[in-house]
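Chain lettering (A, B, C and D) follows the sequence in which the chains are written, and residue indices restart at 1 in each chain.
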Amino acid sequence: MNDTDPPLVRLDAAELHFPIGGTLAQLRGSATVVKAVDGVTFELRRGESVGLLGESGCGKTSTGRMLVRLDKATGGRVEFDGEDVSTLTGAALKRFRSRVQLIFQNPFEALNPRFSIRDVLAEPLDNALIPKAEHEERILRAMALVKLGDAAQFMGRYPHQLSGGQLQRIVMARALILEPEFIVADEPVSMLDVSVRAGVLNVFREVRAKTGITAIYISHDLALVRYVCERTIVMYLGRIVEDGPTEDIVANPLHPYTQALVAAVPVPHPDQSHAPLPIGRGAPDPRNPPSGCTFRDRCPKAFDRCTVEAPSPTRIQNRIVHCHLFDLET
Amino acid sequence: MTEPLLCLKDLSIAYRVGTHDTIAVEGATFDVQPGSIVGLVGESGCGKTTLARSLTRVLASNARIAGGQAVFCGEDIVGLSERAMNGLRWREIAFIPQSAMNSLDPVYTVGSQLAEVLIRRGGMGRRAARTRSEELFEWVGIETNRLGDYPHQFSGGMRQRVAIALALALDPKLIIADEPVTALDVIVQRQILDQLRELRERLGISVILVTHDISVVAYVCDRVVVMYAGRVVETGPMAATLTAPAHPYTMGLRNAFPDLASAAGELTPIEGSPPDLANPPPGCRFAPRCPFVEARCQTDVPVLQSYEGDHLAACHRIAEAETLRKRAMASETWEVPA
Amino acid sequence: MKAITVIGGRLLQTAFVLLAVITILFFMFRLMPGSPLAAYIDPNFTPEQQAELMARFGLDQPLWRQYFIYLGNLLQGDLGESFFYRQPVAERVLALLPNTLILTFSSLILAYVFGVFAGAYLAWKRGSVVEQIGVPLVLTTRAMPEFWLGMLLLAVFSFGMGWFPAGGTRAPGAEYDTMWALYTSADFWWHMTLPVLTLAIYSQGLPLLLMRSNMMDVMREDFVTMARIKGLSTFTVVIRHAARNALLPVMTSFAIAVGYQIQGNVIVETVFSWPGLGRELVRAVQTADYPLAQGAFLMIALVVILMNLVADLLYAALDPRVTHE
Amino acid sequence: MSDALTPVGKSPGRFTRLRRALGSIRLPLHDPLAIIGLAIYAFFIVMAIFAPQIATHDPNEILFTSEFTIAADLRPGVDGYLLGTTTLGRDVFSQIVWGARSALLIGLTAAFMVALIGSVVGVVAGYFGGWVDMILMRLADVAFGIPFLPFVIVLAAFLEPSIWNVVIAMALVLWRDTGRVIRSQTLTLRNRVYVEAARVSGSSDFKIILRHIVPNVLPLSFLYGSIAIGWAILTEASISFLGFGDPDSISWGYMLQDAYASQALSKGSYYWFVPPGILIILIVSAGFFITRGYEQILFPKLDR
């Protein structure tokens, strides 16, 4: 994984805007627009695992959906292995589907209740036109990869007969069965009990270690992101605020929002600070984000330039920060 | 030790499913001191919400209190008549639900729902209720002009603040909060938890906080009650219980929780899943998943006994808690032979 | 602001639907078998009349021009001449409209008042014997042909007991100088009793089952449980919170029910020889008086479409989640 | 109601997959009301098939008494006429039995048409959305704007009277209710996580509709189909009552029109006009009882 070969995944000012208001409003062009993703730029090397961290409504899930082409970008470019993902059709799209997969958040909803586990895992194989003879063997191999006990006993069973942890492993097995090169996991453990979460997270780490697959892990929980990803991108109201090695961000967050985020995470032992958070109250409203830097209305260190102009990314050692406090030097 | 505000003795709650009774909570025993926050911790299905909700005596249609006592300010609310219990509701015991969204009536303004409680339950006049509502909104940090807004116009965090204002309306002695911050983002969660701490410090209100997140317990609770499969397995002061747990389940929970403050250690899951409460295993219900299980664990039910002062645990090997705790740290202890 | 775009959108949609129905009506009456002229000209009209109508409706023009003339006339309220009554269709249709509307609204108000209370009661008595018998019984009223019910009531209460008249709106020979005098006379209401009862029995099923199902859904909502935890009285919980929310969709369904009901009047008015639009349409079609049939059909369709619009606006007006953005 | 565990190793054959798809139409046999509904249907089907054997006389034949006078308005039981005779001397019982045949014929065909068109429109509009959805739903709005019974009457007046007029009218207009409800259900299904999962794992739209959408929509289409049977029978009865029915086919509506026109009401010959009404109620309510979905049917959650 040297720095010279081209990035596997590249986003260049990617945007995902949703018009709201009736069709009439759209016709008149006066429809208000929700900017779920508002100009996101970052790259992923082959084999890298990156966390997309942020609160609900920050655009992390929408970014994930654009990467696996569940939604088409409405602006900018989303590239996988040099190809613009939004324009793929026909055979190219089918090939893309076998190389890029998504692990869904809610295992209880991610499987069709009427399908047996075999049907669930056979579906991607059918789509990739893999001969029926090979199905059995590949299904068993995928289930072994995600550490599902003796796989055979699950084959004929139905989703409602399995526990949350087992279901999430089946969801992962389905995503990995075609041996994709890039995988997006959207808060895969947030619906599971804590004691079961660790098991699924460990499977995720082992799969990455064993297959070297490139991965994006979407979450609102910094502690989980830290456990799985060596690099983290922090998002706020559809934009990136900070991007860098996870350990550095946890130890020394630069952007005021990241600082508040890190300070707000409670830890499971008694001696932790109860100091008030360095952030204003107020809820981010994606329908009408503040002008300039979208965090300025809650930022303790905001000054006049923040309301006028959106900050441009600044590189500080191995970190990128989008904040006027730092882009003064350029 | 002052007279406890609430004292639970062997409280049991059963659900009738068809002809069969499922015991969702069995023999729950713990105290709540005045002006203190007690964390009721456990995973899904352990009965923590059922237990907390039963203290309001508003149970699901097929649920009933099967036994035990709940002495609140000297009166056993289990035996109280419906009229007497209703007298306590909201005036003495209030409730904050998990997602305030559908716990607020969508067709009334937030202000009128606040006034409804103040006037019909608090006996206030219309104008007094108005000023009191504004006071409450200022206290929880919402602009008073938003009293005229409807529930759907509030964000998650703001709705939770409205729920707190509602709970405070009649200055209750006890507030039961059922996973109040679970659905919130981490920054708003912190602000709501700070407000719960203010309830205790400035208003001396006791809170029973139901949660599955021991980090939240560590941040805000004075004491903690750990539940597993319908039974209380450990209870004690928060600091002692979290740093020196005496029950294997609490030890296991600690390993499963990622800790941002310390180095990124290995997370260890507790293999297997909680028992089906319709026909629970005999003896200790954690036995099937416990790495320190012994023969007697599968036969006789462990009883809550003191490990250190008011730090109790229900485990046959409580005496060896010190050594078990060290062994529990290592992830190999929890690995189930493949 | 959002409310205005919602209403604006709906008005546009309604206008489109109205135009579409008018167009369908235009072609239906022209492309049907039989000569296109038959739609306007009665063979035994005098030649001058025939020529005058030919000009007025451009019946000799190509079809699409006829369409625009037809639309033009429509805007001026000119629906052509009734063959049978030698009278402008518009005049006759407007004169009969009140009879139909009074019948529809009075029967629906009766049905809804009964339905809402009975529905709430059945929801309250969930799982009891009352429900086991009540719900299937209500279902059979929905499965009942309205005209047969009318015949039954006529046979028993009119011909049998002689308590009520067999039809019409007034006693034979009774004169009323103004329509208003007629509508407010006991005689009129006495004549209206059986038809209203027939329509009410049939249509009470909708509000009843809707209210029952909504009440049961709402009773399971968190805010109802919270109301009980707040210690509010059962009355407050059930009426102020549960019923108020359950009533919302029932109110909007009233407007839709008017639309459905008015289509059913065609039959009940015929059984009770009640001079409304429904009976007029049937007689017009039976006597091949096409302009009158077209006019009556259009007026009924107008009411149906208007009521669909009212239902949407009512829904938007009643539910704060729509009006307050 | 998942079937027994498929034996390990054997992949389910074509039949099991088909059975499972049909299995999604779960007939609620455990529910007494549904059983009554099915029993009523069975009763009518037998009556319709064996009408010639069951009927005591030819329903149209004008009968004479022993003194060679027309057997007019005879009370039930007189001269062996089970339910008496009409004013024109026809056997009421035979007319009722033959009436079942046309009722079922119209009911089933109309129901099939309404359920089919409604489901196809609903699935296509719901799944593909965009302008397809817009057009189809505006079409549904127009159909909702057309008063149904008046439409059938005008249609019957222009086309030669035949029992198929009702079916055509229903197919043209009454698909609207099914269409709108199936569309909203398809919308919820399309956004279900497992449908998006199928899309991500490369399934084509067609495959997703076939394997994920249709099995879930099938029960609702069946539900609406059985309600449409009731509507068709009621409509046919009304049309025949107004004199626009098919003269050479005996139907309950025709019987009621005949009774009404022959002053059966004032003569109090209940035996003549009450039974056809009862039978219509029975067969229509059977449709409601079977589906049990009457709550959801009669007033879908009014979501546009």
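As a working rule, a residue touches a chain if its C-beta (ideal position, glycine included) is under 8 Å from a C-beta of that chain, and two chains touch if they have at least 3 such contacts.
Small disclaimer: the values here were computed from a predicted structure and weren't measured.
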For the chain pairs A-D and C-D, which is connected through the larger number of C-beta pairs in contact? C-D
Counting only C-alpha atoms to place each centre, which chain is farthest from chain D? B
Centre to centre, by mean C-alpha position, how many angstrom separate chain C and chain D? 23
Whole-Å gap between the CA centroids of chain A and chain D: 50
Counting in whole Å, what is the centre-to-centre distance of chain B and chain D, each centre being its mean C-alpha position? 54
Residue numbers in chain A touching two or more further chains are 23
So in the complex, which bits of chain A are touching chain D? 23, 68, 70, 94, 97-98, 101-102, 104-106, 109-112, 114, 116, 118, 123-124, 127-128, 132, 135-136, 152-153, 155-158, 160-161, 171, 174, 178
Considering only the defined contacts, which chain C positions touch chain B in the complex? 221-223, 225-233, 236, 240-241, 244-245, 248, 319-321, 324-325
Residue positions on chain D within touch of chain C in the complex are 33, 138, 141-142, 144-151, 153-155, 157-159, 230, 234, 237-238, 241-244, 253, 256, 259-260, 264-266, 268, 270, 273-274, 276-277, 280-282, 284-285, 287-289, 294-295, 298-299, 301-302, 304
In the complex with chain B, residue positions of chain A that touch it: 55-56, 163, 165, 193-199, 201-202, 220-224, 226-227, 247, 250, 260-262, 264-270, 272, 274, 276-277, 279, 281, 283, 285
In the complex with chain A, residue positions of chain D that touch it: 2, 5-9, 11-12, 20, 24, 134, 192-194, 196-204, 207, 211-212, 215-216
